[in-house]
Amino acid sequence: MGSGLQQSPAIPAAEAATTPAPPTAASAAGESRARVRSWWSWILSDDPPGRLLLNAIMLLIFAAFLFAPFLFPGTKALGVASRICIFVILVASYDLMLGYTGIVSFAHTMFFGIGAYGVAILLASGWTGWGAVILGAAAGAAVSLVLAAAIGLLSLRLRTIFFSMITLAVASFAQIVAEQWRSLTGGEDGLTFSVPAILKPGFRLFAEPVLGVTVNGRVITYYLTFAVSLVLFLFMVRIVNSPFGRVLQAIRENEFRVEAMGYRVVAYRTMVSALSAAMAAFAGALMALVLGYNGPDATLSFSLMIDILLMIVIGGMGTMYGAIVGAILVVLAEYYLQNVLGAINGAVAGAPLLSALFHPDRWLLWLGILFVLIVTFFPQGLFGWLRHRR
Amino acid sequence: MSKQWLDRLRRAAPYAVTPLLVVAALPAIGPAPWVTLTVAGLTMGMMLFLVASGLTLIFGLMEVLNFAHAAFVTLGAYVTISVLRPLAGWTAQPSLVLNLAALLIALAAAAAASGTLGFVFERVIIRQVYGAPLRQILITIGALTVIEQLVIVLWGAEAIPLPKPASLRGSVFLGTSSIETYRLFALFVGLAVAVAMHLVLTRTRIGLVVRAGVEDREMVQALGYRIRRVFVGVFVAGTALAGMGGMMWGQYQTLVTSQIGDGMIILVFIILIIGGLGSVGGCFIGAILVGLTSNYVGFLAPKLALGSNILLMALILLWRPRGLFPIAEH
Amino acid sequence: MTNGDQALLRLDGVHTDIGRYQILYGVDLLVRRGQVTMLLGRNGAGKTTTLRTIMGLWKPRQGGIAFDGRSIGGMDTPEIARLGIAYVPENMGIFGKLTVRENMLLATGGQGFVEEQLDRVLAFFPALKLKWDSPAGSLSGGQKQMLAVGRAIIEPRRLLLVDEPTKGLSPAMVDQLVAALLGLKSEHTTILLVEQNFRVALAMGDDVAVMDQGRIVHSGSMAALGADERLQQHLLGLSMAAGT
């Protein structure tokens, strides 16, 4: 194992902090260019996607999302874009554990659900307004953090596989609780609620359409999602490039050595687990706002866990940006692969086996095959491969 | 002297859990339903044991956890459907002999199909990921998804009924308790397999090698045994058992969907954790515990039934963090 | 050192890595047929790694290992064992959950126990007879060591690799073990023996090789080393020479 994953980074001495070297400049123009560059590198925590081509692609993606309501008008497209943004956070937070620390957890969707229920329960109980949203999100994140820490302290000492099985059982339990505890969670039907006023579809920010698009509650919801996702993503990029992040990567490579150097591996694993859980909860809170609804099928299902795994592996583990690539590819595939399959299906309608293979509902088969191929031949994923072949 | 007693108590304690549970349930449930539920629990435990035993041996021997194990269960159920279709004449008749013959053929077919897929699976997928737990988990989950989708491609997405054969429907009566006839069949088959497994493990050379390999793989190789070949055999046996488990589970549920393996695999994992990864004996006891718990709690507090086994697992882990009968670390 | 034909086992410039760390830096070793070769050295010198490399548990990155003229470096462990090499590891490799009988049975070929061979082993280690049907995990440290050695010799072997058999044993047990090993020696079994106990080394060894930091730093006859106290100090340090 380890082929394609990043090289082991140097572990800092216990207290040392690293600072990026200040750029030098010759002229005033050069100075301001340098200031922009250093500001930019601060934002990206000195961890840009790659060199020219990759940076350009990422910039293009960023621009596409920034102007999404205007580039891709229509409710469906905006819904897809929101979903992608949320998944980027969900997957990037998962990458913190899987790609950077080497932990496989199946409880991630549980924290996603807790964050969503946090917001949903408060809003559904009649308390409307931003207070409820913020409190719900914060409560969801806090519960997730504590729960993840508890699970971590109790089981992260155990072998990888044992831990994974336990997270599976815990997530399963959470799903059962959500389905059974009708009075709190609405059971299998879930909770429907009213979102704050400015997020409602009927709300108009401007009376007149801007650039041909009516700026209504949906658009605002999208921008809220986009903004929060952006901030959380950059925050996570900062984390992985900090001394803390480097220790995580060292743990993934060789935990015995790290323990021998004086770092308590269990403590670090627990911390990253808790942080990851909190991020997932925030993603869940956003999801609830976007859907105006939350239920076990929306946030707790195992198929969502499979989706996260698909995204992280296809996009690229241990790169953060891989989460973006993976989320875009898989979400788009879910929506549009079905159309492609439908077309092929029409063409082979005669042969029963072939048409069953290419049935639109079998998109998961093809993604699954892609997943297995990538784990086997391209463990670094699409983004990792693009980044390292240059 | 008392330290020796404490020690003995410590070692015997895990064996006491099941009897304690059974005895404690009697006053809570009442004698008549208790008999029914206990038989039901034992039966469910046997079916779960079929599926779980293979998985725990595979893990104990080579430290590979096959998250795709559920797929072999599912395949077993579907193969049974296909095999029993042409034999519908035999299963429709109220003749025990014909029914059993049909079921045994189906059992053999399910085992053969899953075992064959297991052989291919070990070669193509598992072989690449020995010693790499992360990739193991990922690749086997991917394979699980693919195999389940392929099952839909071959058999369709709708749920397919798998009725019990004529002479095994209904119930027999033991005093005032009723016991489903099919359950007795399943119990019998499960016990037969468990006994056979025990005999192979304790009385044959290959069983000896497997038991030694679970404790110390390297040393077995240093004694000249080609453990890789043994492993392929154990893997195929494990997946064949899963197929058999799938056949019985499918018929028990009387309705088969592509998710049938997933539904039971959580319970299987719980059994592995409770029993101790790698221990077949622990697996047996764990399976019975889970079966009994499901049925007792299902009767006493239906709302808790689904989560009860996870709570059981948590309780046992708090007491014995590595399961009831852990194997020594390699 | 001596005529190449007498070499049953020969290592040439063997380098072994464990993960990212190099442990053996070009080990040259000769084990003569029918002789007992002692492998001495401080903790961490690479003695266990050398044995494990010979046994195929770790593959050498570089260098050759020849057993009776046949190259075995890179072969799989079971194949190496089948050539007639037995390994008694430092942790003894006992299967605790199996009985003593089952442990011994594993070391025999398809037909099971052969009367004379079993009697021979039980003559060396009578304690095993008493515990024959007990789980091997319930044996004392010394008894486990006897079982480990007994298991290695129940079938005729061409080479024995033994790693620190006397470690942690009581003096009485050490004597019993040494007596058994001397018995083997008198049968002209070829043994490569790693030992920390210098007294045992002196009693057993015909040849000696001393390792330090992954290399052989001295090789020669045990008798010569035994006579040269200054050399002993220099190679092995006070801890060894003073060892019981």
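Points worth noting:
By letter and in written order, the chains are A, B and C; residue numbering begins at 1 in each of them.
Throughout what follows, a contact is a pair of C-beta atoms (placed from the backbone, for glycine too) under 8 Å apart; a residue touches a chain by one contact, two chains touch by 3 or more.
Predicted model, so just to flag it, every value in this text is computed and none were measured.
The most central chain, judged by C-alpha centres against the centre of all protein C-alpha atoms, is B.
Taking each chain's centre as the mean of its CA atoms, A is the chain most distant from chain C. In this assembly, the C-alpha centroid of chain A lies 55 Å from the C-alpha centroid of chain C. Once the centre of each chain is set as its mean CA position, chain B and chain C turn out to be 43 Å apart. Our note on geometry: chain A versus chain B, Cα centroid distance of 36 Å, whole angstroms. Across the assembly, chain B contributes no residue in contact with two or more other chains. Taken together, the chain C residues at the contact with chain B in this complex read 55, 57, 76-78, 81-82, 86-87, 89, 93, 95-98, 102, 105-107, 110, 151. Chain contact summary for the complex, chain B toward chain A: residues 59, 63, 65, 125, 128, 131-139, 141-143, 145-146, 149-150, 152-154, 156-157, 262, 266, 269-270, 272-273, 277, 303, 306-307, 310-311, 313, 317, 321-322. The residues of chain B lying in touch with chain C in their complex are 205, 208-209, 211-212, 215-216, 218-227, 327-328.
Chain A contributes residues 1, 98, 102, 104, 154, 158-162, 164-166, 168-170, 172-173, 176-177, 180, 302, 306, 309, 313, 353, 356-357, 359, 361-362, 364-365, 367-369, 371-372, 375-376, 379 to its touches with chain B in the complex.
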